[in-house]
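These notes concern the structure reproduced below.
So that you can tell them apart, the chains are marked A, B, C and D in the order they are listed, and the count of residues begins at 1 in each.
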Amino acid sequence: MHTVLHPVSSRSGGAAAPISRVAVAGATGYTGQELLRLLARHPSVVLTAAMSSGTTASARRLPALARLWDGAITPLADDTLAREADIVFLALPESAAAELAPTLVDAGVRVVDLSGAFRIRDNGARARWYPETGRMPDGVAYGLTEHERSAVAGARLVANPGCYPTATLLALSPLVAAGLLAAGGDIVVDAKSGVSGAGKMPSERTHFSECHGSLSAYGVFNHRHGAEIEQGVAAASPSPHALTFVPHLVPLDRGILATIYVRLAAGTTEETLGEVFERAYAEAPFVRLVGASLPEIKHVAHTNFCDIGWRVDPSGRAVLVSVIDNLLKGASGQAVQNMNVMLGVDERTGLL
Amino acid sequence: MHTVLHPVSSRSGGAAAPISRVAVAGATGYTGQELLRLLARHPSVVLTAAMSSGTTASARRLPALARLWDGAITPLADDTLAREADIVFLALPESAAAELAPTLVDAGVRVVDLSGAFRIRDNGARARWYPETGRMPDGVAYGLTEHERSAVAGARLVANPGCYPTATLLALSPLVAAGLLAAGGDIVVDAKSGVSGAGKMPSERTHFSECHGSLSAYGVFNHRHGAEIEQGVAAASPSPHALTFVPHLVPLDRGILATIYVRLAAGTTEETLGEVFERAYAEAPFVRLVGASLPEIKHVAHTNFCDIGWRVDPSGRAVLVSVIDNLLKGASGQAVQNMNVMLGVDERTGLL
Amino acid sequence: MHTVLHPVSSRSGGAAAPISRVAVAGATGYTGQELLRLLARHPSVVLTAAMSSGTTASARRLPALARLWDGAITPLADDTLAREADIVFLALPESAAAELAPTLVDAGVRVVDLSGAFRIRDNGARARWYPETGRMPDGVAYGLTEHERSAVAGARLVANPGCYPTATLLALSPLVAAGLLAAGGDIVVDAKSGVSGAGKMPSERTHFSECHGSLSAYGVFNHRHGAEIEQGVAAASPSPHALTFVPHLVPLDRGILATIYVRLAAGTTEETLGEVFERAYAEAPFVRLVGASLPEIKHVAHTNFCDIGWRVDPSGRAVLVSVIDNLLKGASGQAVQNMNVMLGVDERTGLL
Amino acid sequence: MHTVLHPVSSRSGGAAAPISRVAVAGATGYTGQELLRLLARHPSVVLTAAMSSGTTASARRLPALARLWDGAITPLADDTLAREADIVFLALPESAAAELAPTLVDAGVRVVDLSGAFRIRDNGARARWYPETGRMPDGVAYGLTEHERSAVAGARLVANPGCYPTATLLALSPLVAAGLLAAGGDIVVDAKSGVSGAGKMPSERTHFSECHGSLSAYGVFNHRHGAEIEQGVAAASPSPHALTFVPHLVPLDRGILATIYVRLAAGTTEETLGEVFERAYAEAPFVRLVGASLPEIKHVAHTNFCDIGWRVDPSGRAVLVSVIDNLLKGASGQAVQNMNVMLGVDERTGLL
């Protein structure tokens, strides 16, 4: 009875850009569902396929999306994807993404991969942290949009960043690139994530009664996102820094807060940091700089924003705090932001 | 640096309708902030004023809204409202709304009032439950959009319904109106609300440590929304029903779930209810009927939907379950939905 | 290094009662762990075995219990149980309990069964709701301690009540037994439970991200505890009442709040209810009557108390609110309370 | 009707120690209520007074404590305290504690002060962080029980430590004292606390809707507990370390998790740390060492335990994780533990 399911205003955009065909592989997980929600209302694309390798019928009921997207979830079919989409989003496990992405790219489809399969460029490091992945295809861009806009624009395959690296590198990289860190100083990244970051698969660790009223650290010295953050820091500056990354699981659903501890080069002040950040993000619609009034997860939940705050003490220690919604700026939102860059439309399209 | 703050697509809508000027009085509370967020991205209106009677500077910082709406919160000023807006949203305490609304209406401004000041039509009942309000102006419509669309369309003043009555009456009224309830049978409404329904003012009752891990009933036999629900039931049918309404505070932020217990007229089945609901909501884009697969708050949080499910047993007892986001369909979302109806634009505009 | 693990004062109790040997079968679930915690510090018993049918090593690490109980979890072994314990607590699935309990009873061991296997006395009803159970052994008492103290005292097998029936019947039965309900009036029990009531096994329904910020009804007209509540009401009075029971899952870990709606016989007042409750629970150390100041889950969490409040309106409708900790008064706490009655020691021993 | 309100076993302890008279000033806050709960069931003391300066009647209703402690809350009266108690617990604001404590000590009463008034020994530092306090009385012990047992045993006034310092110093001090930290290395303490740590007074910051689903850092470079932690580190070793302490508010009620980042002296391994901790806490019943299997708040909530875990990487970086219940080991539990040491009874009495 409701034939027009798109937002009333969304398709009225005059001559505008041609409509691209997009598809989602892995549509029933948390990031997959967010992709469906965002793409169904996006004025520049039409969603031609939503696929899932899951076999249970219940996995394919998406009651939260009714009236927002009323299409059918179909079984994963590579050839259909290649035929019916110009851009494919992969929200699949690493091994499936590693296998499927090159095939799609070879078929001329552009891919935004939300898995970790293509995030680590160094072959040795990639083999260590993602042994399930194989060769690195050509034309891969690392999709931290604000820092890689031109690479993303021309990419055939975008490796959408991890949630922790997104929150961390948006705060840390500008300072590293500007040479503001004391030489050889340690970097500590203490990150806290909501439970949706662990995915939709039930487990003892994500059982409500285990998380509610609790808090725990995990993956100490041994988390894939630590390697991805180190890669990002190294890309910003050749001078070496030891980086310690410890993620924590906190009893909330959506959101990451990363607290970053660094030593600054002599003479660097709170104002210096402000200037560097302002310059770095002058053209970044989704980065909001809040300075000494530190950011909170509540302010970015259900948005694609990254809010960054900072404090510096007279002895040269700095604390950076960065917050995102892990399912949006940390996953599906940034994936759509990357798609916007790939399509040449305004970066904010469909995301405000 | 970001001059275009509206969604990229939102203002491109061809010749379309003229843009209306809207204002919000009471902009810093939870419902006020939701109004700002919705109106700032709404393609049919321009937000000309956002006012607050609060005096502290901190009450006027709205960091969550940066980049979505970057206007200034100004002190409440009646004459400015009347001069600069075609439609004014009142998100104020009852006493302030009762005083301000008639003045605005007299000045030719249309008003959507989110307080309870004008919800109860009967003078005696209104005096009992809302002693702080005075005379009822002419041209008031009760803004339960799905049931009052034509009255809202022409109204000068819309009394936006309470959150509990919205969830309850959307499920209950169609059955009452269709004569499906057993004559004289009791109605029990056991409603559960997230804490944002209690507003932004700190109190012992809304202290995190008092709510977290807890649950409580309140307002038994003595809640204004009970009177509003009774009025709605009586409007749907003259045959009397005793209605018991008990609200509960549950440890979540946004959302209401109402469980409604009724006795059905002989021969009424689950299918009968389905048919009545389908007919009642054939043209209602924000009511989703889920039948025997009962609805959950998670599916409607951060949306303007009301999801309704039901079960009937062979002996004629029925359980209805209705869920909404109390800040959207239960307040600011429905207010904008009413505005859409008043403006004659698609009811979904700016709400999907 | 800490040889004395029991509370310093707990074993110093003079000549006192002889120490009984107790064992727990199903020691690693939530109720099993609570039993270990309670029994390890109980001055009248010694915990001789804690068994689990689970096979994974991780299932047998109970870090929360270190220093409180440092024994080993061993594989389930029926003959050891019969040999090494005077009283055995079964915290097992119904089918396992149904098989094991009669064997233990035949071997002369007294059993407190926390499953539902022996709660329903009527053979037909039991076959319907618990098809996995078989014959009912002799000497079974229904372990709602406050109402069945003398039956429990002499029982060979105590069927520990379900969590919802405990909260509901403690509030409802005294009124029914006193003839305070209007003849033929409907009873509605709207119950809300924390997630630990669903047990420790991970599932989509108990996944943190599915429960947090959400709320849902389940088991409408089709929950085993509904039958158990009906049995309790029927036991209190032969006059029939239709009872509708709807449980809900709420985003907290521990606790149940049951809101009960009844019609009272003419002339019954709030004070009448108070008198009946005072009389019923004059000797009940774990029932706290709070009257018109309704109870909250926070007040009973981590305790064995049941707090009961009530409101009556002039037209004869009453709302009862009853709260318990589902793992204590709703399971392991009441099991130990029953053990105390079986042993003839003060009912509060080890529970305050 | 229930004349014996104490645990059945608790007072039966033979000839044992004489019973001391204790009182609580500031009995209605979260820590005050925990003190009442613990002291009411403690076998070595009798609770002779519970006072509050709060004036509202509602502040003096403690429904959670009914049947556990049924005494009356009386207005704060210094002379009564001095007359009726051998030991007084102060759960008051710093200014009140600073005024009252010396008076009581002069009157021969022993005091356990839960405020921060007497925690900082250096006069200059104390004047900076606690300007509301005055002179430091004689005979003050810092009450981190495990490290100060003999000082506490003889103290006239025990300054009960802050919650963050308790969690941090129990993990950090043994390593510092053993000389395991690299000379001059930075120490980072990233601490996360439940909301009850902010006290019972309602505020915007502790409003449920502001905390639920959110996370924030606060007090960066400017928190009193940072100074207290620095004092503790300095006491353990004269070699200087820059320490950065950042507390965070997390959406749970009870519990602190501190993640501590240090650089170790060359050659220090995970095993070295284990040996140092084992030695430090061989006689500490409330410190549980969990090593590389990191601790979680859930395991210590509602207990007086501190669980400590640690990981070391080959390059000499170490991560320590320490968890406590902020209201027990971080406040009232440790206060009772200190009282046990002062009375010469087993440290665990009344706390297991």
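Operating definition for what follows: a contact is a pair of C-beta atoms (placed from the backbone, for glycine too) under 8 Å apart; a residue touches a chain by one contact, two chains touch by 3 or more.
Just so it is clear, the model here is predicted, and its values are computed rather than measured.
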Hey, what chains does chain C share as contacts with chain D? A, B
Farthest chain from chain C by C-alpha centroid distance is chain A
Matching C-D in over half of the residue-numbered contact pairs, the equivalent interface among A-B, B-C or A-D is A-B
Rounded to the nearest whole Å, what is the centre-to-centre distance of chain B and chain C, using the mean of the C-alpha atoms as each centre? 40
Per the C-alpha centroid definition, the whole-Å distance linking chain A and chain C comes out as 46
Residue ranges of chain C touching at least 2 other chains are 194, 210, 212-213, 251-253, 295-296, 298
For the complex, give me every residue of chain B touching chain C. 186, 188, 190, 192, 194, 210, 212-218, 220-221, 242, 244, 246, 248, 250-255, 257, 259, 261, 263, 294-298, 301, 311, 313, 315, 317, 319, 321, 323
Quick one: which bits of chain B touch chain A in the complex? Just the residue numbers, please. 1-2, 4, 6-10, 12-14, 16, 41, 43, 63-64, 66-68, 212-213, 282-283, 285-286, 288, 290, 293, 295-296, 298-300, 302-303, 305, 307, 345-346, 348-350, 352
List the residues on chain B that touch chain D in their complex, please. 30, 194-196, 200, 202-204, 206-213, 251-253
